[in-house]
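Both complexes shown next keep chain A, but they swap its partner, so chain B is in the first and chain C is in the second.
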Partner chain A sequence: MPSADVVELSRLQFGLTALYHFLFVPLTLGLSWLLVIMESVYVMTGKPVYKDMTQFWGKLFGINFAMGVTTGITLEFQFGTNWAYYSHYVGDIFGTPLAIEGLVAFFLESTFVGLFFFGWERLSKVGHLAVTFLVAFGSSLSALWILIANAWMQNPVGAEFNPDTMRMELTSVSELIFNPVAQVKFVHTAAAGYVTAASFVLGVSSWYLLRRKNVGFALRSFAIAAGFGLASTLSVIVLGDESGYATGESQKVKLAVIEAEWETQKPPASFTVFGFPNQEAERTDYAIRIPYLMGIIATRSFDQPVMGIKDLKADHQKRIENGMIAYGALQELRSGEQSQKTRELFENQKRDLGYGLLLKKFAPRVVDATPAQIHQAVEESIPRVAPIFWSFRIMVGCGLTLLLLFVLAFYYCARRSVIERVWLLRFALWTMPLPWIAAELGWIVAEYGRQPWTISEILPTHLSASSLDPAQVYFSLAGFFTFYTVLLIIEVWLMLKYIKLGPASLGTGRYHGESGAPAKA
Partner chain B sequence: MSPMLLDYETLKIIWWLLIGVLLIGFALTDGFDMGVGALLPFIGRNDDERRVIIASIKPTWEGNQVWLVTAGAAIFAAWPLVYAAAFYSFYAAMLLILFALFMRPLGIESRSKIPDPRWRSAWDWALFAGGAVPATVFGVAFGNLLQGVPFQFDSTMRITYTGTFLALLNPFALLCGLVSLGMLVMHGAAFLRVKTTGEVQRRANHALRWSALGTLACFVIGGFWVAAGIDGYRIIAMPAGASAANPLLKQVESGAGLWLVNYTSYPWTMLAPAVGIGAAAVAAWLATSPRTVPAFVATGCSVTGIILTAGLSMFPFLMPSSSHPASSLTAWDAVSSHHTLMIMLVAIVVCLPVVIAYTGWVYRVVRGKVTAQSVRDGEHLY
Partner chain C sequence: MAALTFRQRRWRSAWSRSSPLAREITWVLILKFLLLWMIWWAFFSDPPARHMQLELSQVEHRLLIPASPAEPAHAER
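Coming up: the complex of A and B.
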């Protein structure tokens, strides 16, 4: 077994590099579609300002895109380097969507992104629009396949444990692809990316408008971002609710932790808006609750209960005890004792094998675990409540603030009085970080909330790591820290430089700061 | 579920070929980007020339890089134990590759965005590292696979690597690193000849000639070294009709000359080293020819031959264990389930031709020479 240090360091490394990767991904996902919209208007109307918009926002897109791609490779490498046992245990299933992602989506977006920049002179108008569309389509398709892989970690369907190979094996690829968690996760995550890009374009355009620079250009960009953003924010929130529903089905623990629901309530359960979760005493202090709301969201009914943490723990205790039997039988099978009776015993208990593996941390031989060790494993079967409870609420708060922003932006666009609403422009400028904060917190809820598992109810995190030496992981962490900090500084600096230059950087002679250009274009 | 059109044994052989196709696809496409990166500070003597060199790969390098990502993911899906054992055992080496890869996106995208000479020079050397380091380390890794890697499994299939990072840097592995650096540099030089003119092209001619001859020499020395000094591996007992993929059920021996057995059993496999050597010689000979595409085809053939030579020498071994030969990973027992191999085969057969078709189209659209003038004209777009 890997040492506890290695497990924690590898978790820290994966968590930080994944959050870093997701600084770039949402902007790629959304900005690519905004480019499609802008360029479509150009192709339909022939007005050069829309071509300038496509090229200018495309420039910012390009600075962001390559970073998203390269930081994604980090995650792929780490499954092998730091999570070798995970790779062995579930590679038969988990590798498939990753490889298909490369084949159907990643190739598409990355191959055509070069033509987006170099094809303006070499392709017809419609041909170039098609290229832009393929980049956007490829990006979102890529997100779909990655989220199919991720959803399998949350809700591992279509697979079965094989004692001969000591790993999980795929039984149904259609269950893997049509995992209900994957579908809601995709729509929620992709739409969150679209919101991020809309807020980015809205905020930067507002900055130009506040300074009365590139007004025509900025107003048109603002309008497209406002419409796209409003539709996307509504999808994130409506489908965020769907996301909660799917969680209720497959990951009761995560739902109970998000809601800090210690006791199973009489249905329909109330929703805790605010409070201070107290893990030791198993209660939420100073809780403010809205009756019935959570039960309706999570179960779509008035009569089905949402399981509380205490009842979940009691359930986990039973499953851990079954898991000990499964693990004992598995060891006999692996050592060559293949009798019908052992096979049957294993087959009957194998759905709880993962719970048995939870004990490995406390009782390496599993089968001889004492009641105290079982109790420890039960306590650890629930993640820390407070970080998840708060992350979720801050995420929702960011989402609602953005909804308000896009409603107002859309309304004043329709009234054609955006430029006079200085407060609205400032609002759009200052809320630019919110989509990123929401997205990162959303991932913390999804992934930290899945602990102590890497694969829900199948493989515990502490077994998934490679048997490395802590010094190796310190070395790689130091490397990531150094490179990623330098790259981020350069990336942000370049972005700011081009934002300040504005569309004048295209060299068309039509924009603010160019010689011969009118003050307001 | 989907019917098994092919039996497990056949699929295992097909998958060995498919991973080969993906790795060779990576070397043929992103390989020249890496070679061009490694040559950048030497072939480009002033800013204009360096911008031309970077512009020659700029529109297509991101698509090329996906070959690496897809090859990695396909190994994950088809040979999960190899993925786990190799990435984990070569931990520091893999991270070195990764850190070097970080140099490329910002180097290629942002170098030209600031005119300061120190900024540009820093990125030139960063791009050099982004090309030369992965090109070398991949070869060093292959050199270690050929010698066997000290790792073992416990009864739960947990892998433990018992070697050190410095042990990976042994003389034979370093020679393999030179072969792989040399072959990608020669491929990169041949690509630059196609895309450039004038002084840059003239220097690329020289680079092509010398890198092709150097690669050829290192490859031949490596061949003799394998014949004389490197122990190969052989399966001596395999459980009859074992269908489950379990690498612990076989017996393996190691010994001198075993990596050459495939060439005597199947003489047609001699084609691979022959093409590796012959095509490199042809490329060196064509280095000053006014026609540029034939030499690029030759370097491509040589790269293909060299990679196939490494693979065929070891077949069916993928990652032999030097400390516990029975833990060695082979194409028969380090693979995914029958079901997964079948589904992934369908995915790859359907998708890869489409990918190759549109990649070809994109290269056709951006075809033509890159010059200092064309770089300046296109500047505002990027």
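Coming up: the complex of A and C.
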């Protein structure tokens, strides 16, 4: 077994690289669709300002795309090196969507990004719009495949463990692709990306308006971002609710932990808005609750319960005991005892093999685990509540603040009085980081909430990691930290440089700071 | 210094005519691929699970062989 240090370091490394990678992703996802909208207006109206908007925001998209591209590949480096047992166990399933994502990203997305930048003079208006659309479509398709892979880790459908190869094997491609968790995860994540891009365009446009620079350009950008942002924020909230329902169906532990739901309440369960989860005492101090709301979100009914943590632990104890039987049968099968009876015993209990594997951390011999060791494994089966409880609430708080921003922005756009609302412009500027904070916290809820598993109820995290020297992981972690920090600094520097230059960087002669431009262009 | 060939002169002229952003992004991408390659070469070029697969005996050992007294389970630490 790898030392606990190596497991924790490998988790930290993977978590940090994923979070860094996701700083770039949402803006690419959303800005590409905003470019499609801006260019569509240009194609329909023929007004050059919309072409300028597509080109200027396209530049910022290009910077973000160039910084973000391949930052995700480091995660794939880590699978083979830090997570060798995970890779072997699930490679048959996990490798497929990752390979497709790689092909889509490199061949579709990157090709069309090149055409987007170099095709303005070479393609017709409609031809170029088609290219921009394909950039956006390619970005979303990449995200879809990654999220299919990720959703399978949360809800492993369409696969079975094969005791002969000691791996999970794919039994249904359609179940993998149409995994309900993948569907809700994709739409929720993509919509969150749209909000990020809308908030970015709204914030930068507000900065121009506050400085009375490029007013016509900024007002049009502001209006498109306000409309797109409002629709996207509403989608994120509605789809987040759908995500809550899917979680209630397939990830009961995560839902109970998000809610700090210690006891199974009489249905419909209440929703805890605020409180201080106390894991040792298994209660939430100073809880403020909204009656019925949780039951309605999670079960879409008034009479179905939402399982509490204590009941889930009791269920896990039974599954661990079944898992011990499955584990014993697997040991016999692997030692050559291939009788029908042993195979049947394994087949009947293999659903709980993962729970048996949880015991490997506490019991030298799983089949002889003591009640105390089983109790330790049961306690381990629930992640720490407070980080997930708070991450979720801060994420929702960010979402609601953004909803307020986009409602106000849309309202004052409709009344054509944005430029007089200095407070609104400042609000848009200072809330620009919120979508990133929300997205990162969303990932923390999704991934930390899956612990102690890498593959839910199938493979525990502590058995997934490779046996490495901790020094090796410390060095690679330091390498990644340096690499991503350098990239982030360059990204911010380039973004600020071109934002400050504004549309004048296009050299059309129509904007603030260009010779011959009108004073309040 | 040897005289530049026609192709080199054409490339140099295209480079100097390209936008500052294109030049900056090109340099960043070169730096990025170099750093990525260095990280891969230093830490990830020899993964235990090549092509997402291990020897069956290794997996069996990790999952099914009881921990030896020299390798105590976490509970005993």
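By definition in this document, the second predicted complex is superposed on the first by the 516 of 521 C-alpha atoms of A that agree within 3 Å, B and C clash if a C-alpha of one lies under 4 Å from a C-alpha of the other, contacts with A are read in each partner's own complex, and residues count from 1 in each chain.
Just so it is clear, contacts are C-beta pairs under 8 Å (C-beta built on N, C-alpha and C of every residue); 3 or more make two chains touch, one makes a residue touch a chain.
Keep in mind it's a predicted model, so treat the numbers as computed, not measured.
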Side-by-side fit of chain B and chain C on chain A, or clash: clash
First (chain B), second (chain C), both or neither touched by A:169: first
If touched residues of chain A are counted for chain B and for chain C, the larger one: B
Partner chain(s) touched by A:122 [first = chain B, second = chain C, both, neither]: first
First, second, both or neither for A:363, with chain B first and chain C second: second
Partner chain in contact with A:113 - chain B first, chain C second, else both or neither: first
Touching partner for A:91 - first (chain B), second (chain C), both, neither: both
Partner chain in contact with A:376 - chain B first, chain C second, else both or neither: second
Which superposed partner A:14 touches (first chain B, second chain C, both, neither): neither
Chain B versus chain C as contact partner of A:73, first or second or both or neither: both
Chain C clash site on chain B (candidates 171-179, 333-341 or 369-377): 369-377
Doubly contacted chain A residues - partners chain C and chain B: 1, 59, 62-63, 66-67, 70, 73-74, 77, 79-81, 84-85, 87-88, 91-92, 94-95, 117, 165-167, 331, 334, 466, 472, 475-476, 479, 483, 487, 490, 494, 498, 505
Contacting residues of chain B [partner chain A, same complex]: 1-2, 58-63, 65-66, 68-70, 72-78, 80-81, 83-88, 91-92, 94-95, 98-99, 101-102, 104-106, 108-110, 113, 155-161, 244-246, 336-337, 339-340, 343-344, 347-348, 351-352, 355, 358-359, 362, 365-366, 378-382
Residue ranges of chain A touching chain C (in the complex, touch as defined): 1, 4, 59, 62-63, 66-67, 70, 73-74, 77-81, 83-85, 87-89, 91-92, 94-95, 117, 165-167, 327, 330-331, 334, 357, 360-366, 372-373, 376, 462-463, 466, 472, 475-476, 479-480, 483, 486-487, 490, 494, 498, 505
Residues of chain A touching chain B in the complex: 1, 55, 59, 62-63, 65-67, 69-70, 72-74, 76-77, 79-82, 84-85, 87-88, 90-96, 98-104, 106-108, 110-115, 117-120, 122-123, 162, 164-167, 169-174, 331, 334-335, 466-468, 472, 475-476, 479, 483, 487, 490-491, 494, 497-498, 505-507
Touching residues on chain C, where the partner in the complex is chain A: 21-22, 24-25, 28-29, 32-33, 35-36, 38-40, 42-44, 47-54, 56, 59-60, 62-64, 66-69, 71-76
